[in-house]
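Letters A, B, C, D, E and F mark the chains in the order given here, with residues in each chain numbered from 1 onward.
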Amino acid sequence: MELKIRVILPTVVDVFVEEAIQEFKHYVSDAVEVQVRNLDYGPASVEGEYDEALCVPNLLEKAIEGEKEGCDGIISLCFGDPGVKPAREVVNIPVVGAGEASMLYASLLARSFSVVTVLPNVVPMIENISKKLGLHSKLASVRYVNIPVLELVDKKKMEDSLFEEMVRAIQEDKAHALVLGCTGMMGVATTLHEKLKDHGYDVPVIDPSFASAKMLESLIAMNVKQSRLTYMPPTQKLYK
Amino acid sequence: MELKIRVILPTVVDVFVEEAIQEFKHYVSDAVEVQVRNLDYGPASVEGEYDEALCVPNLLEKAIEGEKEGCDGIISLCFGDPGVKPAREVVNIPVVGAGEASMLYASLLARSFSVVTVLPNVVPMIENISKKLGLHSKLASVRYVNIPVLELVDKKKMEDSLFEEMVRAIQEDKAHALVLGCTGMMGVATTLHEKLKDHGYDVPVIDPSFASAKMLESLIAMNVKQSRLTYMPPTQKLYK
Amino acid sequence: MELKIRVILPTVVDVFVEEAIQEFKHYVSDAVEVQVRNLDYGPASVEGEYDEALCVPNLLEKAIEGEKEGCDGIISLCFGDPGVKPAREVVNIPVVGAGEASMLYASLLARSFSVVTVLPNVVPMIENISKKLGLHSKLASVRYVNIPVLELVDKKKMEDSLFEEMVRAIQEDKAHALVLGCTGMMGVATTLHEKLKDHGYDVPVIDPSFASAKMLESLIAMNVKQSRLTYMPPTQKLYK
Amino acid sequence: MELKIRVILPTVVDVFVEEAIQEFKHYVSDAVEVQVRNLDYGPASVEGEYDEALCVPNLLEKAIEGEKEGCDGIISLCFGDPGVKPAREVVNIPVVGAGEASMLYASLLARSFSVVTVLPNVVPMIENISKKLGLHSKLASVRYVNIPVLELVDKKKMEDSLFEEMVRAIQEDKAHALVLGCTGMMGVATTLHEKLKDHGYDVPVIDPSFASAKMLESLIAMNVKQSRLTYMPPTQKLYK
Amino acid sequence: MELKIRVILPTVVDVFVEEAIQEFKHYVSDAVEVQVRNLDYGPASVEGEYDEALCVPNLLEKAIEGEKEGCDGIISLCFGDPGVKPAREVVNIPVVGAGEASMLYASLLARSFSVVTVLPNVVPMIENISKKLGLHSKLASVRYVNIPVLELVDKKKMEDSLFEEMVRAIQEDKAHALVLGCTGMMGVATTLHEKLKDHGYDVPVIDPSFASAKMLESLIAMNVKQSRLTYMPPTQKLYK
Amino acid sequence: MELKIRVILPTVVDVFVEEAIQEFKHYVSDAVEVQVRNLDYGPASVEGEYDEALCVPNLLEKAIEGEKEGCDGIISLCFGDPGVKPAREVVNIPVVGAGEASMLYASLLARSFSVVTVLPNVVPMIENISKKLGLHSKLASVRYVNIPVLELVDKKKMEDSLFEEMVRAIQEDKAHALVLGCTGMMGVATTLHEKLKDHGYDVPVIDPSFASAKMLESLIAMNVKQSRLTYMPPTQKLYK
């Protein structure tokens, strides 16, 4: 193994850990070791600003620990990109969030894209990611299937609901590409792309976990990381 | 006393507490009781994304506690507005951040405004507030005096540095109004306004603490609070 | 009485004068004296660019007179903010328009807001206010009830029509806050908020008259007024 | 003569009337009769929001009168476009302002343009025109020569000052085209273009009077006028 | 004849040549000679990025040839403005595209406009024109009638389909002006305007061919052409 | 070899071909075969809109040929992204341009970025890429070293000039990341990053060739390509 990346699932439950391990093996090349970590303390899922605020402290510890243990890059595996900006300040390796990575790939492939996420609670958060990233004008809409993160394990139900909202995004919001708006929506992008294609819409469907993996691998390969003018290390001070 | 507002200083040191108590008495009308609280755990000051991430959990507890104790509104007394969005999800009283409040007043008074803050570390964070708030096109620049928050107690040095950067903001960045970019910069707005006026620039200088107080009072008077479509209460889940 | 503010109703009819006097008493603190003035010459109501152009000359005279008589601030009580910018050039006290004030408060409270106004004639004018103010990206839509200003005295009809358009703004335009788009829509904000809440939409409803009062009070308290770099006094010249 | 257009100089002094008559003869084709009218009441020049507010009522009367007397189109001959929007509501012939017309031509010819105007007082007004017109992203800067309108009769001084600011606009603000920001700056565009070209900058210089004439002629030729969905006729009401 | 302009139809078929000759005679004043040229090699119609890429080389030759033969200006007669930017680099006379010209006139006349074009293939191209021109915020929508360019000869069918989409643009997309999005849609603007007016929508309908003619005539009259800072002549090099 | 990508150098000279072959070997993983092709006809370099127009027809032939020969993706190796959009219409494999790819990576890593390119001629073209891509608000500036493409072989001179402009971009334009604005600037990104870091600016420097390679590899891995709603296949027609 030549490279090591750490994927942090910002939740105290481990329901997606095993699946993430399996999926990421297919995302990265053989030369990359993937470590998946979930949280010791924090929320059971991230479905709003409050949950996000509570998952970040431990996520940052896991990121710092990852760098100490020789990781070459960090992924915050949640579409809301929790902890990505603060982590960039405290580690010297690239940090990638699933939301930003997905939006960047979608922007390349189409005139506009829609995100289909879990709950209405996170819609303004996702819009804010696009505003901070500078890509808001490409975002046709953020739609949701109204299924809590922890119920996404019912793949059939998730897939059907996602398909329905994706068709609406194309027809009503003029989306030309689609982004799965939750990293818990693993393993359905290809099927959804095929199904949309069968219905006459040959549009890319971005899997945010996959996108974060390829984005991080690319940055490591190019030997670039976050700008130290945007993400300065914290000044010396007391933390209690 | 008819109304009660809670001001949360998101830092474990209490260096600004007494001053905040004194200043806020002048900001609000006699009918308002002001409670100032600092943190039990978190950073000694907020000078970047990392510090902000660490100050939010306890700030949220203080906000929830404030509501339980009958407060009519909450102020997050830091220009980066830490915890404002998550707090809006978990309490049913208006929550105001000093950064957003200041930018809104400045937008009314002039074609453009500049923020003068403490350190380069927080510049992108302040820009992001303006992007999420929708006021980025009014923001002429974010400048900094390069003085850490905890050294702002040297009022003379702070004032001189602020004046210098404010003149540059007017001359080089075409700012028509000025915003003090740290709530630690208390008690200098009036003097700076006078000094700028003496130099031919009769422009408003917004004190972020004062702005947050008047904004919160206004919202309470109008009996409005954050929209529940933007800030939904957290879904039921396990927090560890 | 410590403070004195002048509210100018930019119309030659006095149908809203008495109501404005009563309402403003509740808007401001006891220490504020409110003077309400309507016009000696101009239009009977302001429902377009032409009406606005004709109401401004006398409004400016009333503003100048107000300052001479010791007022501490001026309100242009019309959602189109007639005369606000020229008045800022000719008086040395803060001048606030109901449109700008409302939009700023709405921006703080929600990811997006819609304005519901009287007639289609004023829709582009309201959009232009948001563009000049820098808040256009927060404006979900401008809707109208198709009732002329002078027929707003039928409160029941107005309220029902407003409710209908507000629900549409939420459902179709994704508005997360609502702004009453005419200062003639007095005394209905609270009822509409309650009604929307009963229907599952707990969103703020901004009353523009109330908003203008609190905005002006806040500016006077902070001792700030319009920037003299944006609003320069008129150069010496002949006026005929 | 086949066509008749009315040019309204929104000022009570007639210092530019004769020159306007002479210049417009060269702007339009032989088949067009040009009427130049100045105001009976209003300001001596338009150098701010206040002046603009005072010039509009009589300008509107002259526009309405022009239509009654058979004119095919109206020009508001001032860079601030006073009265253009209200006039569009009350006449059924196209109304063109010098500011909007100039900015549209400049947008076609270059990646960005700067306006060089008379006084700092009008800078925010000109920026607001570009925002309402939708062309703000093309506006590199608004500069001024600091000469009041009525002193523009000293052509040599005006030309030298304009040249200086134009070079700065190109070098410092990255302007690729230039717009004369006052209709009193007649007869200098060609000379300035030549002089800039001699200095290595072959960039278009737009004369706002000329631009308004060609824009109006084009609209009349195409038989189009302002949209009645944007500019609705005033509703019936009392005007006092 | 005093002036000579060259209209280049970027297609190898000559189906629209005769009609263009007839129409342009009405667009320009008597003093202007109009040359219409179609291509020797390239596509039969321009209905996408690929077609546009293939029509440009010969279009550029025809433009250069036009200048050599004494033309005073060039029109690229296709709504996608093929070759306009490269032509501006290689000739010293103004070059106008039908798309840009139409959008500029529409922007003056209304708060927003929609383009109705032929096929979905060209929608993103038209949106990109508005983005490069700086007018994207005025573009309400791009709609299409789903008729290939070469079938536009069936005027009745085209007119009916255009009317239907125009009504939708007004009702659903809030368009206040309309632009025909293909230069093959000649001779229908007036009829469509009348028909819309009869249905209560008195909105301008811009004919792109007519718009390009008036825009070019205006530029020639004002003696301005493309900025040499935006459109620099090609550097010396080998072309094979 | 499992994958095959085709890199098209859109120029008739082969001066960069050998270097491109060597460099791309390091960019992609061992499982990828890289084919580098330059043009049979077209310009010797691409330094403006005219050159770009002339290089596209043969580039498209090379792209179509590449797909027929089993390539999995296409790179247009020029910062202006010539032919990228038309190629996306005519092939069913992902097509990546060096400009778009670089800007997307830079956007992730910093609050803002500057491009440093060869000549002033291409500055507006690069700005237009950012506008079409939706990332214009992240683009701090486009600077140039004033060295024609074919003289970039003098690596020392190029590197020194690039360093100088990069420092200016950071200091004057507030760039927080840097992008090499010409694919002829190969093999200098790492050195420039080190040099900037030594001068106190630890900012990422993006090599556009490397960026295009990683972007294409990522898309192929994720099994996504351009949206068929944005890039429709050309309609059937005659090409001569």
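Here, contacts are C-beta pairs under 8 Å (C-beta built on N, C-alpha and C of every residue); 3 or more make two chains touch, one makes a residue touch a chain.
These figures come from a predicted structure and were not determined experimentally.
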Shared interface numbering between chain E and chain D [over half = same, under half = different]: same
From chain D, the most remote chain by mean C-alpha position: A
Relative to chain E, chain with the most remote C-alpha centre: B
Distance between the centres, which are taken as Cα means, of chain D and chain A, whole angstrom: 52
Whole-Å gap separating chain C and chain E, where each centre is the average of the chain's CA atoms: 43
Where chain A and chain F are represented by their mean Cα positions, the distance between them in whole Å: 26
In chain F, residues with contacts to at least two other chains: 111, 124, 176, 229-230
Complex contacts: residues of chain F adjacent to chain E: 12-13, 39-45, 47-54, 56-57, 60, 83, 85-86, 88-90, 119-121, 124, 128, 131-132, 148, 150, 229-232, 234-235, 237-240
Contacting residues of chain B [partner chain C, same complex]: 27, 29, 94, 96, 100-101, 104-105, 107-112, 133-135, 137-138, 170, 176-177, 190, 193, 201-207, 210-211, 214-215, 217-219, 221-230
